[in-house]
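The structures considered in this document are given below.
Two complexes come next, and they have one chain in common, chain A, joined by chain B in the first and chain C in the second.
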Partner chain A sequence: MSLFVIGYYALLIGASCLAAYFAKRSAFLLLFSLTLASFIMGIVGGVPALRAVTIAAATLALAAGTSYAFREFLVQILPEGISKEIKTAPLTAAFGMFVIFTYAIAGIFAPVIAPHGEAEVISSAFAPADENMLLGADQLGRDMFSRIVYGARNSVGLALVATSLAFIMGALGGLFAATKGGWLDQILGRAADVIMSVPSLIFALLMLSILGTSLWVIVVVVAVIYSPRVFRLTRAVAGNVVVMDYIEAARLRGEGTWYLIRKEILPNSTAPLIAEFGLEFCFVFLLIAGLSFLGLGIQPPTADWGSMVRENATLISFGDITPLIPAAAIALLTVAVNFVVDWMLYRSSGLKE
Partner chain B sequence: MGDILSLVAKRLGYGVITLLVISILIFFAVEALPGDIAEAVLGQSATPETVAAMREQLGLDRPAVIRYMEWLAGAVQLDFGVSLITGDPVSSAISQRFANTLFLAAYAAVIAVPISIILGVIVALLRNSIFDRVANVLTLTSISSPEFFLGYILILYLAVKTSMFPAIASLRGDMSFVDLLYRTFLPALTLVLVVTAHMMRMTRAAIINLLASPYIEMARLKGAPPWKVIVRHALPNAWAPIINVVALNLAYLITGVVLVEVVFVYPGIGQLLVDAVSKRDFPVVQACCLIFAATFILLNLAADVGAILTNPRLRHPK
Partner chain C sequence: MAEKKKEVLLKIKDLHIEGYSDEEWIEIVHGVDLTLHRGEVLGLIGESGAGKSTIGLAAMGFARDGCRISGGSIEFDGMELTTTPESALRALRGSRIAYVAQSAAASFNPAHKIIDQHTEAPIHYRIQKRVEAQEDAMQLYERLRLPNPHEIGFRYPHQVSGGQLQRAMTAMAMACRPDLIIFDEPTTALDVTTQIEVLAAIRDIVDQFNTAAIYITHDLAVVAQMADTIKVLLKGNEVEEAPTEQMLGSPKEDYTKSLWAVRSFQRKQKPRPKGKAAVPVVSVQDIDAAYGDVKVLKDVSFDIYAGMTVAVVGESGSGKSTTARCITGLLPPTKGKILFQGEELPASYKDRTKDQLRQAQMIYQMADTALNPKVKISDIIGRPAQFYSGLSGGELKSRVDELLDLIELDPSKFYNRYPPELSGGQKQRVGIARALAAEPTFIICDEVTSALDQLVAEGILKLLDRLQRELNLSYMFITHDLATVRSIADEVVVMRQGEVVEQGPKDKMFKPPHHPYTDLLLSSVPEMDPNWLTTLLEERGVDNVGEAANTGGKK
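Our next item is the complex of A and B:
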């Protein structure tokens, strides 16, 4: 029994006792089940397993602290109305906002942050990390860290463009289908059914094999694949608004379809649409990451997270985690967006389960 | 009973029509190539003679509609034409690989379905407790991670650092069943992680929805013991959403398998599709897409039919 193990259990048991004494039921349950799990893990995995748990707990605590501080920061700097809303956000949502904020900064100021250019060969292939290169070099000797920073601009930017296009197509289609009805509604609805009945990755592979992999093709193909989701949601939401009396009144006033959509329907269906935009972004981002992992996304030498994983995958068989970092960057952003969307959905639906 | 049969037949008809539309889409998408298949495949080495020879070999001089009919008639009898690269019949390349893919998906499903339903029900019963919160964060993280991320993490920790399982799922014909399960464990586990998270969340939502309904409250108020409320009152109505969840996730499994197969170099149909796409071997691409789409539609159909069979309200529409 090393000092570390004794200290580990003493801290956990002491903390659970304190939690029980102050009647913090959920904290106590969490701490005590962690203690019990540690007994098993300590026996099976020994000290390294306990160290891993400690590191994980410390990371979690750091993330919680950061999100708490970031939430307070947002509450302080934002105007009255929004800051009140943010005060009620759970820590997970604050964490999501913090991550999105960081990615946005990295993406926008990529050339300033990155020490080297994204296609600049500065050392030998797979060179280990040194004071010049934070994460070592990739398979051609380019700086890994700089490429990850540039990837924030390229991968996320491409996904944002594709999502926006999907959203505009789907939302406009849904709004017109809801207001016009009739044959337009039928045609758009059946087209959406067909697109949704093909698995998205398969559809994308088919289209890209035919049309090639230029940037615009990717954007348009991905947008077409994911617009039916937006179409269905918009049509459902707008369908509920269209039957309202004030729409009838506007129609009797002689307003056109475009006016109805812009001034009457859209303002009354923004909340679910914004949440859908977040969800849609996650799907699109993961699809594009998958495509570029398969070598069909953004073409080299442009830095892109999905293809970076693929290009450096051989390092994994030497026990190096560097190729996992771009993959983790993809996962982290998707998790963050999901956290924020979760909170927004919870707010807009008024679910109190 | 006749009622149910006609409803199911109607769904089947819908499925067949959708599949037909998709086959048209798949076939004519390739027709829409700039130039034609012969020019696209030959690329740099296209001389007028080779292009003409290839056109003749593929029968491109006949109208597209007739070729579509022939292709469809062949596809129904599982004859998808000849690969442009190897010259072998596509169906012989596909059949073994499709069996492999189905095996992997079934392996993952056998592990994932019971675990996720049980966990989903437990989390629904413990809702809003600390365990529910933790499970929520964990499942959300697992859903948000790309499949290749999970796959490589498993390779790094279970294959490279501890060498418990093989990192590459190579298959040979003479392997015993246990050996087969051992060798394909990591790809199956990757799929399990992704699908379990999805299924757990959906099961949880379905059960919570159900427990909020007034008749459950009535059962509690009349003094039925908690296990009886779950088993006798909630469960019969929970089957429909659970069947739905399972079928939808199996459909998801079939698509998710593509990336996992590439990560683990598993000889399945997904890997074949990706290879064919990069080599622009269109007959193979078409065949793989059609098979994936058919499986996807079939499973979605199963979800619909299962929902109809277990829900009397759908069986007798007003």
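Our next item is the complex of A and C:
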């Protein structure tokens, strides 16, 4: 038996005993069932299995620690009002915020961080990682790491612009529909139904094949596809606000629709809208990645995670994980945003009670 | 009342309850004692926030979310509820202790028939089989004088009127023949005429089954009819406790006396101005109105003169608020016209000029929904001044300060606060200030005091009266509370089912002869005399009370 295995079991058993001694029931149960599970894994999988468990646990602990520290950091540096809110955030949400923060830094400072240009060929195709290239080279010999960093700027930036546009269109439409009612409500509502009735990916493919794949076409098409969801949500939320007496009072004062929307309705419907923004962002991001993967999104040589997955896809049959790196970048961001959104949704639903 | 056994059923000693707010526990009930004998009715009264409901729930061993019982003992029939496990408490609730909530409409599940909800508890506790429980329910319905007792249970809650639903809920509480029922403001949401039915029904059934009850209310006159003893609470402290007669006759504490004195506020009645100058500020002429195809107003006409208060009274559904909507232009009438200082107003508010809109303002019943929770008080009050008079900067600020002074709120404290941070009475004052900011000549007050405690309501009425004198305002005062009418009105308009039944100066309206419907309304207002309900029921005939509201007013 190697020293590693002995140390592994000693640590687990020691920790379980400590937990039991200090009457931490749930911690003890967790640790001891992990010990028991490790016995079986050790017999079946040998030392590598135990190493995998150790690495997974260490990663989790590291992530939890980072999240905790990041949350405390935010609490310290932000003004009192916001820091009080952040204190209530669970670790998952703090982790999400940390990941988003990292991506934002990578995106904004991409040219500084990336060692090479996004279209710069510096090596042979599919070269393995060395000290010059952190993650190896892609199918044309470009640095994978630099392209990932630039991809954060291109993919995330594009998704952000498209989501914002979808939001502005959908929210404005929803607010006007709820406030004005009548025929405007009907027209906007039916238009939203029509757009929603077409499967989004097929609709996007159709529009992009007709209109070409310039950046602005992508943004507008994606925004149009996703605005009906925002429209519906906004209309429902605003519909609950519009019936309040203070809206009636403002109407009787003779206020215009724009004032009603801006000053009376919008402040009372921001919480669910912000949560929805995060959720929509994920969908838009995935749709753009999907389009790029199909070759209709962002065009080469611009770095984009979706198309990077496609371009390097052949490598997967050789057991190399290179194509999975951009895919993981996509997945990580989606999960992170969802963590934050979950927390926000929980908060906004809690406030309603 | 019949002889009652003097066996102690519930004994609460030194009860402390804490509520969680702003990340700390704050004590909201500070050591209240309470003893209840079998078959006795205890009235708990106090303002909102006095801890009435919290104590009522604690008698079931229950604390609401965000509350906890932090000290003292609750002994129910020899059982200590504070230490009893939750499962045993659950077995107690519904079978031996029952609860009747304020709003029956919100407490019944709209997806199930009334009788199914009624029989749930007896079946669950295996006291009766379903058929037996249903028969028993029908008997209870009969005793509570619900119409068609054999059929009404098979309806859904929305198919039954509010008063009937409240009685069905009382019947439901009786389903397991509990030893103790807690009534939490069971009649507060009802009209005076329906309130009587419910009160009579509750009193009878409590008498018949010798059930003990805790009756929570803020209405003294109601509690005087129901309770054997009355306990007055203030901010989680007991003020005093005494048998009903004694409490009404000679209250000891100052606070109790002030509660008793609330209904004494009265203002001199003003006659209509005479001569040629006397053009009514608002004149409603023969208006009809409809929601879709449903006609809700028929030939409504009345005049409101400068500096006068016209009270519009009637049950809910009588068209009082609809008339107000017609005047403000939210619901254009289908026939007739509305004159403002002799000039005809456009039917819809959208067609009215800024000045016409400015002249007529409205104060709402629910200050919670009438003030935008996300807007600062200074902006709420400042906006009309900014909108109509074009004030800005320092001028606007001094105008808002002036208005806050006018409604007796300290500008430095309230200027930057948001509505949710204010109490009910303060919110209503802000609502008044918003109306005043437009410098109107006419204000519609839609049940402005009905959601408030009596002391607070009194303050609002005094404020409105003072403002009327200072600014020569005209009020249209919509209310169902005749005590309010008595204190503030100059003229009264009685409405019923969308028609004006009777109108005239207040002194005439409160003196006989009345229209039968006015008479019914007037006689239904609870009085402080503990024998009032008994006498009234005798006059009307006991069997007739349930239908009194429906038959009494027919011509």
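General observations
Following the convention adopted for this analysis, the second predicted complex is superposed on the first by the 338 of 353 C-alpha atoms of A that agree within 3 Å, B and C clash if a C-alpha of one lies under 4 Å from a C-alpha of the other, contacts with A are read in each partner's own complex, and residues count from 1 in each chain.
Convention: a contact is a pair of C-beta atoms (placed from the backbone, for glycine too) under 8 Å apart; a residue touches a chain by one contact, two chains touch by 3 or more.
Everything numeric in this text was worked out from a predicted model, so none of it was measured.
Under the clash rule set out above, the superposition-derived model of chain A with chain B and chain C shows the two partners fitting side by side.
Contact with chain B, but none with chain C, is seen for A:Gly319 once the two complexes are overlaid on the shared chain.
By the document's definition of touching, of the two partners only chain B reaches A:Cys282; chain C does not.
Look at A:Asn268: by the touch rule set out above, it reaches chain C but stays clear of chain B. Contact with neither chain B nor chain C is seen for A:Glu120 once the two complexes are overlaid on the shared chain. Looking at the shared chain after the overlay, A:Glu255 reaches chain C, while chain B stays out of its contact range.
When the two structures are aligned on the shared chain, A:Tyr246 is found in touch with chain C, with no touch to chain B.
Chain A has more of its residues touched by B than by the other of chain B and chain C. With chain A as vertex, the superposed Cα centres of chain B and chain C define an angle of 90 degrees, given in steps of 10. In the superposition on chain A, contact of A:Glu72 is made with neither chain B nor chain C.
Following the chain A superposition, chain B and chain C show a smallest Cα-Cα distance of 5 angstrom.
Across the interface of their complex, chain A is touched by residues 328-330, 349, 352, 354, 357, 361-362, 364, 366, 369-375, 383-384, 387-388, 434, 438 of chain C.
Listed in rising order, the residues of chain A touching chain C in the complex are 244-246, 248-249, 251-255, 263-264, 267-268. Taken together, the chain A residues at the contact with chain B in this complex read 26-27, 29-30, 92, 193-194, 197-203, 205-210, 282, 286, 289-290, 293-296, 306, 309-310, 313, 316-319, 321, 323-324, 327-328, 330-331, 334-335, 337-339, 342, 353. For chain B in complex with chain A, the residues that touch the partner chain are 18, 21-22, 25-26, 29-30, 32-33, 127-131, 134, 137, 140-141, 143-149, 152-153, 155-156, 160-161, 167, 208, 212, 251, 254-255, 258-259, 262, 273-274, 276-278, 280, 282, 285-286, 288-289, 292-293, 296-297, 300.
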